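Next up is a structure, given as C-alpha cells.
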Amino acid sequence: MGRFERLGRPLLIGAALVIGLYLLLPTLIIVPMALTKSQLIQFPPEWISVHAFADYFQDAQWIASTIVSLKVAALATVIACLAGSSAAIALQGRSFRGKAIVTGIILAPIVVPLVVLALADYLFFVQLRFIPVWMKIGLAHSLLVTPYVFVTVQASLAGLDPALARSARSLGAKPPSVLRHVYWPAIRPGVLAGAIFAFAVSFDEVVIALFLQSPEATTLPVRMFTSIQYDLTPKIAAVASLMLGLAALALAAQGLVALSSRKPQTS
Amino acid sequence: MVAMSTAEAAATPRQRRRSRAGRLLLLLPVAVLYGLLMLAPIAFIVKTSFSAGLEHYRGVLATPVLWRVIENTAVISATTTLVALVLAYAYAAALWRAKPILRVVLLGLVLLPFWTGVLVKNFAWAALLQDNGVILDILRGLGFDTGGLSLLHNRFAVIVGMVHYVLPYAVLPIYVTLIAIDWHLVRAAQSLGASFPRAVWNVILPLSLPGVLAAGLLVFIVSTGFFITPIILGSPRDMMIANLVDFYAHQIVDFGGAAALAMLVIAGVSVLVIAYQRVPKEGQYGSL
Amino acid sequence: MLMRRVLPESTVQEADRAAGRRLELIGVWKRYESGPEVVKDVSFTLEPGEFLTLLGPSGSGKTTTLMMVAGFELPSAGEIRVDHRDVSSLLPDQRNFGVVFQRYALFPHMTVQENVEFAMRMRNRPRGESARRARGMLDKVGLADFADRKPRSLSGGQQQRVALARALVFEPDALLLDEPLGALDRRLREAMQIEIKELQKRIGISILFVTHDQDEAMMMSDRIAVMNKGRIVQIGSPAEVYQRPHSAFVASFLGETNLIPRGNERMSVRPERIRFLAPGETADGSIDGRVVDATFLGRQMRFIVAALDQRIVVSTADPAVYARVAPGDAVRLGWNVEDAQSLAAED
C-alpha cells in the first residue's frame, strides 16, 4: 500500500473524531455548568453546588412551565400514536396508485417550514377561545410528531406475516378482534418507540409553542428561550441538564424497546 | 387499476368491499387530524394573505428589509451547506473506511444529536462562545491575545450553531452513497495506472456526487427554515426569513403581511423540495 | 459468441513479437498480522506468452498470490521479478499488469469507450491516440458498437469483454485474471473460455489465471500450478498433472480418481482407465469386486464397484458395457501399469 493509502485511513479517522468532538462538545458542558456555585455561567465551574437545581425547583413559574410541557407532550403523543398507528395499519401491504401520495401527505409536516405551521396554527386557533391554550399547543404538536409514529409503526408492520390477519378472519374474527389480537402485538414495539421519540420532540419544541403561548401556557422551552435572550444563568443550565437527562432516558428506553422486540414473542 | 395482493384476489367482492371500508375507517383519525391541523390552518394563511386583495403581497415585496433578509437567508444557508458538506464528506468517508468498532462509535456520535432539541444546543453554544466562555478562556490560556474578538452574537456563531445542527442530516446521505461503491473499482483504477489519489479523484468522487448533491439540498432546505439559532447566536444583521415572519406577526402585528410572507416561504421551499425529489440519490450507479 | 473475423494487419505483427516479459515468483510468503500464513513459499515462473493457471480450492492462497503479483498485497517474504527486475516494492499503478477482477469492476459512471481509454489517460497519452487505441481494442473483442453505452446496459459476457479490452489496451507485461468467469452461466462460461484462449494466442500475451474449476484450468492452460493450503503442490502441463499426480490431493482435485492401496502406498487410477476383465483376461493390475450401482449418463456409463472395502468408480464411453454389467454382478477390474500413479501414503 502506498503512502497516501496508508495515511489516508488514520487521517480520516482523526478528522472524524475532531468533528465528533464538535458534535459532542455542547452536550458535554451543560451538566458541569449547572453544578456551579456562582450566579454566572462558568466553565470550569467554580465549585460544585446544586443551588441552580434548587433555584429551578423553587421557581413556581418554571415548574408551571414544566407541567405545561408535560401535558402538551402527553397529549401530542397520545393523538399521534392513535393517528399514526391506524394510518400505518391502513396502508399496510397493499400498493395502490394513491399510496405514494397518501404517504407523502402523512410525512408532509416534516417538510413544512416550522414558522409557517406556527403562524397557520395561531391564525386558526386564535378564534377557538373555548379550547385551553395548552391543548391547542398539544394538538398542533400532534400533527408535527404523527409522521414519526407512522414511520416506526410502519417499520414494525413490515415484519408481520399477512397470512396471520387472513387466517384470523377466516376463523370468524371480527375486525376489532383482528386489530387487538393480530396487529396490536406486532406494532407494540413500533408504537412505543415512536411514542418515545414523539414525546421528546414535542417536549423540546419551541417555535409553535412560542406562537401559541399565553401567560398561563408557556412551555418550558419557550421560557428557556426568553430567558436565554436576557442572561445566561445556571438555572437555565440546570433546566438544560434535566432536558438532556430526559433525552438520555428516552434514548435508553428506545434501546430497551428495540432489544426486547427481538426476543421471540409468544402469541 | 388497483393492484391486488393474492389474498385480496382470492376474496369475494363482498369481502373486498368490507376490507376497503375497514381501511378507510382506519385512515379516518389521520384524515381528521391532518384536515383540522394542517389543511385548515394553511387555508387560513391563504385566506389571510389575500384578505386585502394583493395589497399584503405588494406591501411585503416592497419592503427593503425583505430583500436583505432573503439575502441573509440565502448566504447563511449556502455557507452552512458548504461547510457542512465538507465536514460531512470527511466524516462519512471515515465511517466508510473505519473498522467495525470505531464505526459504531462514530455512528453513535452522529446519531446522538437527534435526541437533543435545538434550544439545548444553542444554549450550550451561547455559553461556550460568550466573552467569558470556555472557548475564549482556552484561547487566552494558550497565550493568544483575544483583544476585542467576540465569538457570539455574530454571523460566525450562527454558522457554528447551524452547521452543528445540520451535520447529521448531511452525513447520512453521503455515507449511504459511499458504502455502495465497490472498492474493487479503486483497485481496478490502480491496476490501470492511477495512483491512489488519482483513483480517488476519478472513481470515488464522481460516484459519491449524487449523495453529496442530495445531502446539500437537504441541508439547504433545513437551513432556510431556522428560527431559534439566529436569535440566540446572531445579531439583528443575521435575521432570517423565519424571524421576519415572526417580526410581522408579533412586532408589527400585521398578520396579513405575515401570511403573505408565509406563502412566499411555502413557494420557495416547494421549489427546493421538488428539486430534491428529482436528484438521483444513491443507487443510480451502484457497483457492477 | 465467437469472434471469427479477418484479423487486421497490425494484430498479426503483434502476435509475432514475443509479447510480455518473464514473471518470476521466488519464495513468496504472505503472513497476516493476525496470524495466519496464507501463502507459503510459492515459487514459479511465467514465461512470455504462456498461460499459467493457479488452481486450488478456496483458501488455497491462489487469489492472494495474484494480488501480490498485482501489487495490492505486500509479500511478507520473497521476491517478485519481472525480467529479473524486482518489482515487489512497486505500487500497483507502477506495475505494468492488466487485471481482470471477478466482477469486472467496470467504472459505472463512464462509457465503455471511456473505460477502455482509462489506462491511456493515466499515462497522459494524447486524446486522439487514446481514443484510437481504445476503439481498436473494442474492435478486437467485437464491441465497437457498444462504445458509447454505459456498462450496466451490457450483458455479463459483454462486460467481461470490456474488462479484457480495458486491461489489454496499454500492452501490459502480463494479464492477471481473478476467477473472471465465475459469475457466468455454464454455456457462456465455456464460450468465454474459448474466446480468452484465442485472444491470448492472437495477441501472444502472458496470462496468470486463477480458478477453482479444474475443467477450466485444463481447457485453457499451458501449465497448471495446483495450490493447497498456501503452497504449490504440483506444477505441470494439464496432461502431466492429470496423468501423473504427485499426491492424493492433486489426483482427486483434478477430476475423479480411485485411490487404491498397495502395500505402504496408494495408487491413483482414473475411472476411465479401469475396465471390466472378461473371464480369463489378465491385466497389469486387477482386483475383484461386486457391482453396486450402474448409471447411464449419456456420454459416459458410470459404475460403482465395491472392492477392497471401498467404492471404486469405473467409467466408460462404451454403451455395450452398460448392457453387459449390472448391479449385483461379481466382476474383475483391470488396468494398465502406466495408468496407475504411485502416491505417498500420507498426504
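Order as written gives the chain letters A, B and C; numbering starts at 1 within each chain.
Keep in mind that, in the parts below, a contact is a pair of C-beta atoms (placed from the backbone, for glycine too) under 8 Å apart; a residue touches a chain by one contact, two chains touch by 3 or more.
All values reported here derive from a predicted model rather than from experimental measurement.
Using the mean of the Cα atoms as each chain's centre, the chain most removed from subunit B is C. Centrality by Cα centroid goes to chain B. Per-chain CA centroids place subunit A at a distance of 60 Å from subunit C. Between subunit A and subunit B the centroid-to-centroid distance comes to 17 Å (mean Cα coordinates, whole Å).
Annotation: 54 Å between the Cα-based centres of subunit B and subunit C. Under the contact definition stated at the top, the residues of subunit C that touch 2 or more other chains are 91.
Among all residues of subunit B, those that touch two or more other chains are 195-196. Each of the following residues of subunit A touches two or more other chains: 2.
For subunit A in complex with subunit B, the residues that touch the partner chain are 2, 4-5, 8-9, 12-13, 15-17, 19-20, 22-27, 29-30, 33, 40-43, 79, 82-84, 86-87, 89-91, 93-97, 102, 105-106, 108-109, 111-117, 119-125, 139-140, 142-143, 146, 150, 162-163, 166, 175, 200-201, 203-207, 210-211, 221, 224-225, 228-229, 232, 236-237, 240, 243-244, 247-248, 250-251. Interface residues of subunit B, counted against subunit A in their complex, comprise 1-5, 7-8, 22-24, 26-30, 33-34, 36-38, 40-42, 44-45, 48, 87, 90-91, 93-95, 97-98, 102, 105-106, 109-110, 112-113, 115-128, 130, 132-134, 137, 164, 167-168, 195-197, 221, 224-225, 227-228, 231-232, 242, 245-246, 249, 255, 258-259, 262, 265-266, 269, 273. On subunit B, the positions that touch subunit C within their shared complex are 182, 184-185, 187-196, 198-199, 202-203, 206-207, 285-288. Touching subunit B in their complex are the following residues of subunit C: 70-72, 91-93, 95, 97-99, 101, 103-109, 118-119, 122-123, 151-152, 159, 166-167, 170, 176.
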